[in-house]
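Note that the chains take the letters A, B, C and D in the order they are written out, and that residue 1 is the start of every chain.
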Amino acid sequence: MKNTATLLVNCPDRKGIVATISDFLYRRNANILHADQHQDAEAGLFFTRVEWDLADFELPVADFAREFSPIAEQFDMRWRLEQSSARQRLAIFVSKQLHCLADLLDRKRCDELDCDIALIVSNHSEAESLARFNDVPFALVPVSPATRPAAEQHELALLAEHGVGLVVLARYMQILSPEFVSRFPCAIINVHHSFLPAFSGARPYHQAYERGVKLIGATSHYVTEILDDGPIIEQDVTRISHRDQLPDLIQKGGDLEKIVLSRAVRWHLKHRILVYGKKTVVFD
Amino acid sequence: MKNTATLLVNCPDRKGIVATISDFLYRRNANILHADQHQDAEAGLFFTRVEWDLADFELPVADFAREFSPIAEQFDMRWRLEQSSARQRLAIFVSKQLHCLADLLDRKRCDELDCDIALIVSNHSEAESLARFNDVPFALVPVSPATRPAAEQHELALLAEHGVGLVVLARYMQILSPEFVSRFPCAIINVHHSFLPAFSGARPYHQAYERGVKLIGATSHYVTEILDDGPIIEQDVTRISHRDQLPDLIQKGGDLEKIVLSRAVRWHLKHRILVYGKKTVVFD
Amino acid sequence: MKNTATLLVNCPDRKGIVATISDFLYRRNANILHADQHQDAEAGLFFTRVEWDLADFELPVADFAREFSPIAEQFDMRWRLEQSSARQRLAIFVSKQLHCLADLLDRKRCDELDCDIALIVSNHSEAESLARFNDVPFALVPVSPATRPAAEQHELALLAEHGVGLVVLARYMQILSPEFVSRFPCAIINVHHSFLPAFSGARPYHQAYERGVKLIGATSHYVTEILDDGPIIEQDVTRISHRDQLPDLIQKGGDLEKIVLSRAVRWHLKHRILVYGKKTVVFD
Amino acid sequence: MKNTATLLVNCPDRKGIVATISDFLYRRNANILHADQHQDAEAGLFFTRVEWDLADFELPVADFAREFSPIAEQFDMRWRLEQSSARQRLAIFVSKQLHCLADLLDRKRCDELDCDIALIVSNHSEAESLARFNDVPFALVPVSPATRPAAEQHELALLAEHGVGLVVLARYMQILSPEFVSRFPCAIINVHHSFLPAFSGARPYHQAYERGVKLIGATSHYVTEILDDGPIIEQDVTRISHRDQLPDLIQKGGDLEKIVLSRAVRWHLKHRILVYGKKTVVFD
């Protein structure tokens, strides 16, 4: 694996942005590996993601912010620089249904996810043996309406202790408080088992079955304070028919959940997602 | 084309239904071409569709009801018998956007739809030349809030005059009154340009664009008194990304609309759809 | 889980088959749970699958063959009766890539596969820890061109010893001999990582990348003596673009492999697949 | 519609390409509307497409080549500049099946295709009335093995006379000679009714039906001297089952053909396709 830097920029669209950024990097001998950009004409916004090899780069990463600041100010940029060498640490929250957790752990073992899985948190004990087999610390944190605040405090302490930067809700059936969510802005990924905004809230497969839809879906999204309303990262659907009863929907939907959640996690880890308003740009 | 009869049955699920129906047909020498059935275990319902060649059938169709009635009563069946020789006549309602209308007319010319297109109704004149090229009578019926009741009376008279049994709303932007709808139960097919129940109502592509979904869809459904709430016949989706602006959604969605609407019309004409509650069984 | 019997029939299409079978079952008080049928008009063949609850069934399963034989002879049927209580035992063959194996084991743990996984066979040792975690016996059987016949003898002995009725090749990179294959007719399922018949043989992702296709696929099929030529059970595809390099194809394709292989295994275990010639009927 | 210029570049990947091009455009006050780029790491190639508004651009288009040449030479570029004001003229070749032709004409009427349809050529007369309705000149050019060379000469003369720059084979069942093809390099688009490279050659739906595949596809591609072997522009598939007989495959496949062909034509007209070797980059 190369040691790379990734610059992510979001700013008002104006002439000269690409010329300025690419000139800045070229002068410092960046060997660009991937570059992508997007203009949202309606919103008047510009987005770019540039990844380059740090091997030949003539600017120490520590000095990047200082040298890049004038450009960022000139174009009113929101920006960040990510390094592939900064290994990310994630925590997976799960309840009793383990298929998404098992899928993420499998992908980690197959080297599909470039991160450390630092912690598994659950309000039930079912996940413990999977955690142990994968050498991941497991924290049992029961939650009831009365104990939720204390439970969340405990969870936040665990996340801090394990240096977690990304929380993945892998069919975790508890709703996190706004306080918790505000501690991880654009750093909590949830999978909802419907094609949002259809069937938000509880029991989406039951809702879909009642409504008689011909396709079911799943959605991965960043968690915000409003339930099932955060910026959508990925969605997928599969066809069903009258032959599919509720257990068939649940089984078919499970495959969708694994796919949309794992894609979202992989893209997040590769710094491919830019959020603006309620939307995402995914440079895939 | 063979001259066929199609029996459609919907009844409480009980032992002996298939044995009884198939014995009834076998004794009258029916050469069965297609048969399909479905049990909805949760609702306790049984559905079947049997199509047979009338060539060797030893019961005159005119006598079918009399001979089949005891069975129907025994099993508490809702049933109907359709003959392929009874050519169906449909009317297409359209506004200014003609892509779904043109698509249906193309399919008719390519022998994909086994029916007569008896009439095209529009509140605008754009569709007239297409109607004339395809030798279909065209009726311009302008609609305003004030004239709606009179306009609908005019339309109902036209439909009666042309012997229309199926009304297809091919992106007809007017809402039909409950009185109109009640005259064509399960015989008005609409296409809605979203993946229902997401984005019901007006401007669904705008809604989808605002929400930042990663797939857009289209839905064909029978029209009921409640807007966008009728039994869904078919749905399909296509992937979009941040690169797609609103006009791209509209263009990509147009292809979906044509496909889900034409499938619904074709299945309806082939008597492949059974409605129960808010759901459909489609024997495809 | 109900204790059910499933009758699978394949015969020349003639009048009276459904009437005769359904009457036979009705007279013995079968409570039918699922029934499906198919007529291949071109080939003049009839297929059916009927599943019923054995609770009320008034014929002991041991006597079924004797009583059903006259019907089978009359209609020239190939048929078999399967019981849900006869727990099936499968073996998974794998090489170094473990994603399909891990997926099947996960599904087994989540109760998605109704069977016993009796044995994991590999020519490498990578799978051993997964086998141990899932409490499945693991057999390391190295294979080289010289040792292949002896290795296959060893494998056949292991399969016999563990009572295996279905062999699943979960990205097992060895080609089985015709002798081996002939011992498990329609009972070896392979996953090939392309949309067959495109890119049969070695390194299909490389072939797809070279050809510049816009979709990649995966295929699960029964293994016959001719490589990648057996009856196809399931296929699926996913979209790629010029942005996808070879590792992206391999990663995206891995998800397809898991899905088409697990569907095939599940359908086989539920006795939903009928093979005729090079084709399958899948009553899903 | 804005008056835009589009620069398409294909060259060996080196540092500084983006910086140089974007600086060149920025200095001449280009208001960039879309920009996309791609690096093929394996092949060591760089591709870009930049589209800008000519309204503020301070370099007359007539002088572009002279001023851009030094850059093109420095980076060993293959490049071209396209103007949206240069209206493209295309010819559609068709045989007896008219669904793809009708679809393209519908899209043209709905303003989905930004071009002039200058000519329809057919070896049969079925298309004539569609041509007349759409005000497109129609040329009947019968073809037999003996008359093929003369027929092609006639066609080439017609194409020259009508100023045609793009030939679309909309289910034209004749094979063009290498001489004909060489006159329109990367300017003949064909639709093949299979998921290439599966089922190349004649009667692909029959081949697919025989093989028992579970998905059927369609492919649009540039025509080269080798049959069904040119660079693929777009592919799509749809699911089939054992319930689908050959006519169902043909009907379902027809929808795919329309979609993949129209996408290819639209992308070509928008100068979104770059060809290299047997592959395409499609900046969608």
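We take it that a residue touches a chain if its C-beta (ideal position, glycine included) is under 8 Å from a C-beta of that chain, and two chains touch if they have at least 3 such contacts.
Model, not experiment: these values are computed from the prediction.
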| item | value |
| --- | --- |
| Number of hops, subunit A to subunit D, where each hop joins two touching chains | 1 |
| Greatest separation from subunit C - chain, by CA centre | D |
| A-B against B-D, pair bridged by the larger set of C-beta contacts | A-B |
| Same or different contact residues where subunit D meets its copy subunit C, judged by the half mark | same |
| Reference interface B-C: repeating pair among A-C, C-D or A-D with over half of contacts shared | A-D |
| Centre distance in Å when subunit B and subunit D are each reduced to the mean of their C-alpha atoms | 36 |
| Length of the line joining the C-alpha centres of subunit A and subunit B, rounded to whole Å | 41 |
| Touching two or more other chains - residue numbers and ranges from subunit C | 41, 243, 284 |
| Subunit D-facing residues of subunit C, complex | 38, 40-42, 195-199, 210-215, 217, 231-237, 241-243, 245-246, 277-282, 284 |
| Touch list for subunit C against partner subunit B, complex | 15-16, 18-19, 22-23, 25-26, 29-37, 39, 41, 239 |
| Interface residues, subunit C side, partner subunit A - complex | 97-99, 102-103, 106-107, 109-110, 112, 133, 243, 251, 254-255, 259, 284 |
